[in-house]
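Before any comments, here is the structure.
By letter and in written order, the chains are A, B, C and D; residue numbering begins at 1 in each of them.
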């Protein structure tokens, strides 16, 4: 054993290690996400989801969800680096146990009618295209009294929260919490974010809009359809915002909806934020780092951070509408957001 | 002449004066506004306004407006301490000269149809109940192509801006500015303040919503009519807000709309902000420092700062809706906002 | 009487007036302050101040102060549009009655030693060049136990607060309030604004630094004397700041100190803020709208808003140091700050 | 193979997985850091550092640093969950290659004299106890012209930045960058954070103070030594702050210094932030989750997030001073900060 080897050995016992043996790994020239570009196929996954809705009770499952696991992020499972997506199903007559966690969450409704989530005492109803927020540490449980299965996209930031070692979880003592507020109060009180109840004041860092209905989202898109310039990368793209601040809906997750006009060919770009998309309607493709992800209604796809991408609406006659969420608010808060034009090739 | 008298005389020549001779006036125990509680009667004033619409051309008048001058604030004329209100009329076929000023302004439409204001290149259309913003230093001119006279409430903060000696004014070289943006773009792009165009960024301290239509305001009130707690002072009261910040529409003026349910008897309160009200519909009274101001549709009334007030809807069957604006944003920015419960008597 | 005359008459009774008869006065092309450029001569005023220190007891005067009244602003008296300056004297053995007011105030010490102001239970000591804050609604009384008269510049924003009708005043039940905090705690806890006590949190909109000592100010100027670029208008100019926010010391008043090197010839500028200067040391002149104000130690002078000005240090060998305060924070908060290069002539 | 097994198999091929098989791991009742409480022994490590200063050239090493690797965080190596600490040594006559990275970094000087870091064109000098910032994406290189080895604690947030996949790195084309600013300009211009250069404006999210000298830190501690209440957990504890905002020195790292009076027995507490301590002087112990970490001068120790801890100064006559840094700004920005009283036992 040389002197150096003896010293390296001694260092180990003292909790120390030579930086010069790790240097390159710790300081890459630019980020390369462990996540890969990937598309989850709605038409393939939906039957399996229906299978489990019969094969597995909600009492057994607590939540009956197919996690959309990025092939590059299997342990722990995640969809992009900091965010998670899953497909949840609940049947008529079922309820899901009340609990809360520090992870911020939301649901984006894909199909069905007649269910609601109760969030901190308020019943929040669901219809396709609605965005329902469950901000961190809010009690929530689900109830379905409709006629057909209800399916939604579940989104959480637990990969981030767990990486930051800040996750707490608590189960409610009863299966369902009591209802203490008017139905859909958060959504109705802020029907327009531009007219805010003056007898209320901001309470916490999240949006008070518990439900952004698709009906209102569609109205907003329609109102500017013919006139808006939009973005050369993203088309006509709207950010769901917190009426108290004008900022993102939750401190760790930003949500957007975008309309790509028929034949839209977006410019290429990349940024340090990681994004998950869900297709509201239409058909197209997103080219990510040279890989072409073809998508149609209700498909989900991942664009990893710093991957180059561009969107294409392959229909010459119909528009395409994408819902998306990302960790851009995290990147901005921490001074780590960076973006540039970039050609994804292909 | 005593020594003291000689010294006082000498001081004058040096630009100095003894504080002890002014003390009490400079530091009152509490503010007493020079403004008085006052109501301006729409049914009385409207005919005079129509008179001048014939007797005086817009070329002569630049703007054809009856100023609503508070009896306590005649020189310079103002409606409450920092704010002004006027009734403006424009006839079919008329235009009003383009100009701009550092004063923030808005219009609240009372009657008529078919007119628009062009604000920094955007045509902003008018219908009764609409709130149209003309933030400081934005070019604006008016055009009326409807069939009947168009009347609105004009509001400006020139009493404040002039008191702060910060007023600038400029006339546009042509009578009308060119139109460079889509019609009502500001209003349509922010149809919901909770869905904001992601390809735009905040530009200046004012709201980008050029027009808050009554249609949307009514929808917002309807959405919570049956469920909202509201305030014991103001009923169901909504603040017009700036979608970029969640704050007031302009840095010096806050705007609100409130619905008083049939038979509403408000609690008494006072605050350092001065407020001007306009009655959208209904009949009632506001008791201000012991004086009862009876009001009905389109009347304007003033509640001076630190005056105690309470609202009453005198109808047992119809609701009453009030629009109002105040300098509360000024008081808050400068750390001078103060409020407390207070019984106006009567 | 013509019809128009009858209508004008009728309008008066209804609280209305024709805008077209007031238009030009209300919307000037640019602001013209009622304040004039003016210098108050320390060597002339000091003897008069000493006179009153013998001729008038503090019991009679409450505060023994010569107000520095701008010839353009005599009723109510003010030094510039929104701000006041006065010269206060207190003799050994005297005390001044405890009171509080919503006006923000500070003292800038000119001569003497051995006195203190008690501010909300904290004794704040005084030495020449020190800046002592008395933010709005803080109790304060003065005590002098030194050997010679103590003289300081008093500054208040009461012209602003009274114009906004937001002034409250209260006298303390005893002559002096009890001392409840360590001496000079606010100053010592924030000796560097860049090292802040982590067991405290922000409490109110004003700086927690009760005393900015001249000793520390001089150190700061010395530390950059030879290397700083400074401003071509103001030389090496430092803003007294609030360590909790980085912003101005109080929401309505900003304070600065600037060093003009020997022979400094400043560039011309103007802005909507109004400023009061006090000469800490040196000799020079400030040209304001063509008028040359010559100044030397302890003189006070006024630069009205939107007046063009430039500073000159007339000494070829000694530097000059100016303390100043302005309403720039008000102008910025309300979106009314504007500035441009401007030659004051002369 | 059962139906379920076939479905699970199929899901894998589709990038999906059943949440109910992962649930408990993803949502723990409370966080349990992978990091362990640990102390790095200065007296043991210093000789090894000196060994490598002779055995390894800076050309070979780029940076000659012993990483302080938490036994629970070896791959990738980190000191606490989001932060890194290392001991760096540089010899007289040496230089270290200029580079930049998005990771925020700082140095806290342990021994030596005569070296400097050049940061974006400014030479920043080093003396024991000084804190030198190298905010993200600032070029930096080191030069040592003193007589004895120079040793400092290196701190970086690369574990966080890499976990967020936002790390960029670039090498400067020459070994050393040119000097373009006055020496120590950032430190001298903000000698007091409470007097800020009015000709500069905020540029980026980090503090402009390039060097917080120990001399000034000691003055700040001395100024309140006898009078400050301090915190029952942390004694007299000061936060290094950004004079432009009053906030932390960099968006991801907060730095503090605290003095524990002789015999200090701190109260127990825990919070979601992870902290690294370095002992400036004195002797004591910190009990962390029941484990007693004894420390003396220059030792480094780690308190993982949500671990309970309390500090003890074991000397009855001398005070103890600790420097520390943590990810509290991250936790607060993202709404994940939580704290409570907690007894670490032992």
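General observations
Throughout what follows, contacts are C-beta pairs under 8 Å (C-beta built on N, C-alpha and C of every residue); 3 or more make two chains touch, one makes a residue touch a chain.
Values in this document were obtained by computation on a predicted structure and should not be read as measured data.
Under the contact definition, chain A and chain C share the contacting chains B, D. Looking at chain A and chain D, no chain is in contact with each of them. Repeating the A-D interface, with the same residue numbers in over half of the contact pairs, is the pair B-C out of A-B, B-C or C-D. When every chain is reduced to the mean of its CA atoms, the largest separation from chain A belongs to C. Rounded to a whole number, the gap between the C-alpha centres of chain C and chain D is 42 angstrom. Averaging C-alpha coordinates per chain places the centre of chain B 53 Å away from that of chain D.
A separation of 32 Å divides the Cα centre of chain B from that of chain C.
With touch defined as above, chain D holds no residue shared between interfaces to two or more other chains.
Checking each pair of chains for touch leaves A-B, A-D, B-C, C-D. Residues 3-4, 7, 10-11, 14-20, 22-23, 25-34, 38, 40-41, 44-45, 48, 51-52, 55-56, 60-71, 76-77, 81-82, 86-87, 101-104, 136, 158, 160-170, 204-206, 250-252, 272, 274, 304-306, 327, 330-331, 333-336, 338 of chain B are the ones touching chain C in the complex.
Residues of chain C that touch chain D in their complex: 182-183, 185, 188-199, 202, 207, 209, 212, 216-217, 219-220, 223-224, 227-231, 234, 236-246, 256-257.
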